[in-house]
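Have a look at the structure below, then the notes.
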Amino acid sequence: MKTDVLIIGAGLMGASTALHLAMRGCQCIVIDKASPGRHASGSNAGGLRQLNRDPAEIPLTVEAARMWQNIESLVDSDCDARFTGQLRVAENQSDMDKLEQRAALLRSMGYQHEEMIGKQALYQLVPALSPHCVGGLICRHDGYARPYHALTAFRRKAESLGVVFHPCTEAYHIEQTGEDWQLHTSKGDFSSNILVNCAGAWAGQLADLLNEPVPLTPKALMLMVTERLPHFVDPVMGAASRKLSFKQMQNGTLIIGGALVAKLDFELEKTQIDWLQLANSAKTVIDFFPQLSNVRIIRAWAGIEGFLPDAIPVISASQTAKNAYHAFGFSAHGFQLSPVVGRILSQLILDGQSELPIEPFNISRFAQKKS
Amino acid sequence: MDNHYQLLIIGAGPAGLAAATTASRLGVSCALLDEQPEPGGQIYRSIESVSGQRAQTLGSEYLRGKQLAKAFRDCDAAYFPETQVWSLNNQRQVGILHKEESKIITADQILVASGAMERPVPFPGWTLPGVMQAGAGQILFKSAGMIPDDGVVLAGSGPLLLLLAWQYMHAGVEIKAILDVTPLSNHLLALPKLPKALLAHQYLSKGLAYQKELRRAGVKTKIGVSSLQANGEEYLESVSYNHFSRQQTIETDVLLTHFGVIPHIWLTQSAGCHHIWDKHQQCWRPQHDEWGKTSIDGILVAGDGAGINGARSAEHAGRLAGLQAVYALRVITRQERDEQAVNDRKWMLDDRHIRPFLEAYFAIPDEILATPDNHTIICRCEEVTAGEIRNAVKNGHGDSNQVKFLTRCGMGPCQGRQCANAVAHIVADAGGAPVSDQSHFRGRPPVTPLTLAQLASLSEADTQ
Amino acid sequence: MFKQFSDSTTNTIEVVLNGQAIQVTQGISVAAMILAQGLRFNRTTPVSNSKYAPFCMMGVCYDCLMVIDGKPNQRACSIRVKQGMKIDTQQGVGPALRTSVGG
């Protein structure tokens, strides 16, 4: 099969890139070894968070937040996005100092979206919170969406513009003849002018094939979800100095996470829940919300995501091959960025440059480590 | 409770009881866990406390459980009733909840004897109060001495339907009708398997005797029934069905349905044991050998949780698995294992003769499994309809797990137990992934819901 | 719908069902008890507000969820009645969660 752009990985990054390219008239094929959204993009926590991002990501996350506010105009679905704010709670003065410093940093960069609030405002916002907290840092335009619904909306919109998705199609060999790419997959051969690596936790293997190895580590992040509960909290909750991350979805369930890592057999793609970590997480939740003690966990799972040592992604043209591009290594915070990443890649591919500053995400930052 | 046992057995039905008794008599440190307050499992539920008269009504097969329970009580195995197992992994770590405290314990050998559940088969109106599974009727009878007071309609297919009718008849319940949905063509398809089945004739003769007695008592059995439907505004008011192209309705406030039973595989699935789709039994079951060994070292299965073979067979399989565990622990030799297993293996072999006939005779027709009309609720917890599932498939969500992600079917508190089978069939029928070893929902622990406080009570020491 | 078979033990205990103190047979499950009391449903569903009653009686279906001693989402078929137990029909997701005083 022949196409302009061949994208490996039908997660959000792959789907968003395909959509943006198709909007500009490009012909795209997206292949995936599993099904769309099978990994990180379908199993993540759905957080739309600008709060507390690495400074390098701020221009991107702010633009992405704008895109999410208007997501329906992009993908014809609101992806169940809700903008209830994200909050980091301070439990004592040293937490408050830490959050103050963060807010000051943002102000010095000319951004206003992270805002300090005092005790009174905090309890007005979250009356259910245990009384011991003292304040917090909030980003009011943050929120959450439903990941698999978002992925589906991106895919369907891309399909309506002519993009073809091939599930159960694993890329195992890549060749470049002249400037064109030949891809051998479990479902036959593909060729294209442009190749895009959006292979999530597996992207390191493709980077290897392009002779630009990256220190990408696959990890399985755990989440647990409760039964449906009466509505009791609006913002997505985090804490200044503890592993807390949870949100109450529209349907009443709570999604609880916070960088909890499961055991992973990457070869077999098998994950194993680490109950001890989840037990600690349960304790933390109860510390902040004692009334949740008797709430039941219905499911826990782990989603496989690629992590880079500096915890910011690679979004860049290949440094070793012409007509190849990468977007991976989102280190557990790519969901929110996905609309803008697709646009950036489409610009890199079609215009040779992006309107947003993406130098920090260049894959060359790992090249110099080679001896 | 200790943190480690040589052999840990989950489930105190006939398989678990027989295994525990066998292994502990051979000197193995062994613990048996069950969520029920008494030993017996589903079939011999309340066997130790049931009154004499009720026990008589339940029949001689039921009383067999008394000996099993007694032998178990007399052995040295530790017994933990009212204990829930909420996780099992391939490292043989078992998450349990006992007296509100969660704990993770380990064992060298683990036998999962978690038994069967009724095969959930959606039909219009099956969520109305008053519609229950036949097993529920039996449990009410066995453990609470309760029977329908204003008559009952029994519907579906399979031996349990007949047994329950017989038990109810003896308890003086008015049986308004037995609606048998077994297609008449099954009789023909099963016929070639009959000669072999006659080798295990006790089943057939018992079934025939029940039928005769019911007929004599004037109970109406309609065979070849289709289009079963429960009607009512808020509660069940009537049952309608099609019988030889005629639409019929019976007024009733209780409808008990039965479509056979399937293995309860949530634990073996969460451990990662390989499961296969057994097309004869129309269910998934863990792959295992004749000793009950699964694809994971040190995890064994026995009884209906390993595949549906009934209570007698479960007892024998339990003993075989018990012997295998003791052998794996090097307490007996391979030869000793084989010598002690002779009778049980022979019994299992003989019993196998009847199965192909029963399976073919009671096979549930695909049109019942796969094509409930679009309005029928498939996922009872999240109230997802067949139409929503078909729509999802049409929009490119080609397997059960994608359909689940999109529609939330299987995401409620029952964790997909009531809809996994139907969803796989509807997805396949709508052009998605075929029903296969892989088409089950991926297991998501905990196997039973756990409160945050119960989870939080898990401490470092427990996992050492 | 259901009645107790004549042989049943007559030992009774007191429970409070939807605010009313009643005498019930000892040793049976909460689900059996409510059926014996003629209660036709134990909860309404969070999705469509439909009435649900026990379906499997063996802990598999979770249709029998009730508020027992103040705790919502308890499987009535798997819990036995106890002297003084408070049992309530569950409406949807159950009673509102307490919010702490905060401030």
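To keep things simple, chains are lettered A, B and C as they appear, and every chain counts its residues starting from 1.
Note that in this section a residue touches a chain if its C-beta (ideal position, glycine included) is under 8 Å from a C-beta of that chain, and two chains touch if they have at least 3 such contacts.
Values in this document were obtained by computation on a predicted structure and should not be read as measured data.
Asks: Hey, which pair has more contacts between C-betas, A-B or A-C?
Replies: By the number of C-beta pairs in contact, the winner is A-B.
Asks: Based on Cα centres, what is the most central chain?
Replies: B
Asks: How many angstrom lie between the centres of chain B and chain C, each centre taken as the mean Cα position?
Replies: Here the centre of chain C sits 24 Å away from the centre of chain B.
Asks: Give, as an integer number of Å, the spacing between the C-alpha centres of chain B and chain A.
Replies: It comes to 41 Å between the two C-alpha centres.
Asks: Which integer distance in Å separates the CA centroid of chain A from that of chain C?
Replies: 43
Asks: Multi-chain contacts in chain A: which residues touch at least two other chains?
Replies: 227, 292, 294, 296
Asks: By residue number and range, which residues of chain C touch two or more other chains?
Replies: Answer for chain C, listing residues that touch two or more other chains: 73.
Asks: Listing for chain B: what residues touch at least two other chains?
Replies: In chain B, 412-413, 449 touch at least two other chains.
Asks: For the complex, give me every residue of chain A touching chain C.
Replies: 119-120, 123, 126-131, 227-230, 232, 252, 290-292, 294, 296
Asks: What residues of chain C sit close enough to touch chain A in their complex?
Replies: Residues in contact with chain A: 46, 71-73, 93-103.
Asks: For chain C, which residues are in contact with chain B within the complex?
Replies: Interface residues on chain C, with respect to chain B: 1-9, 25, 27-29, 32-33, 35-36, 40-41, 45, 47-48, 50-63, 65, 73, 77-78, 80.
Asks: Give every residue of chain B touching chain C within the complex, in rising order.
Replies: Listed in rising order, the residues of chain B that touch chain C are 35, 37, 42, 49, 51-54, 117-118, 120, 127, 129-133, 135-136, 139-141, 143-150, 171, 234-235, 253-254, 264, 380-383, 412-414, 417-418, 448-449.
Asks: For chain A, which residues are in contact with chain B within the complex?
Replies: 35-37, 42, 148-149, 152, 155-156, 159, 165, 167, 226-227, 251, 270, 272-273, 275-276, 278-279, 282-283, 285-286, 292-301
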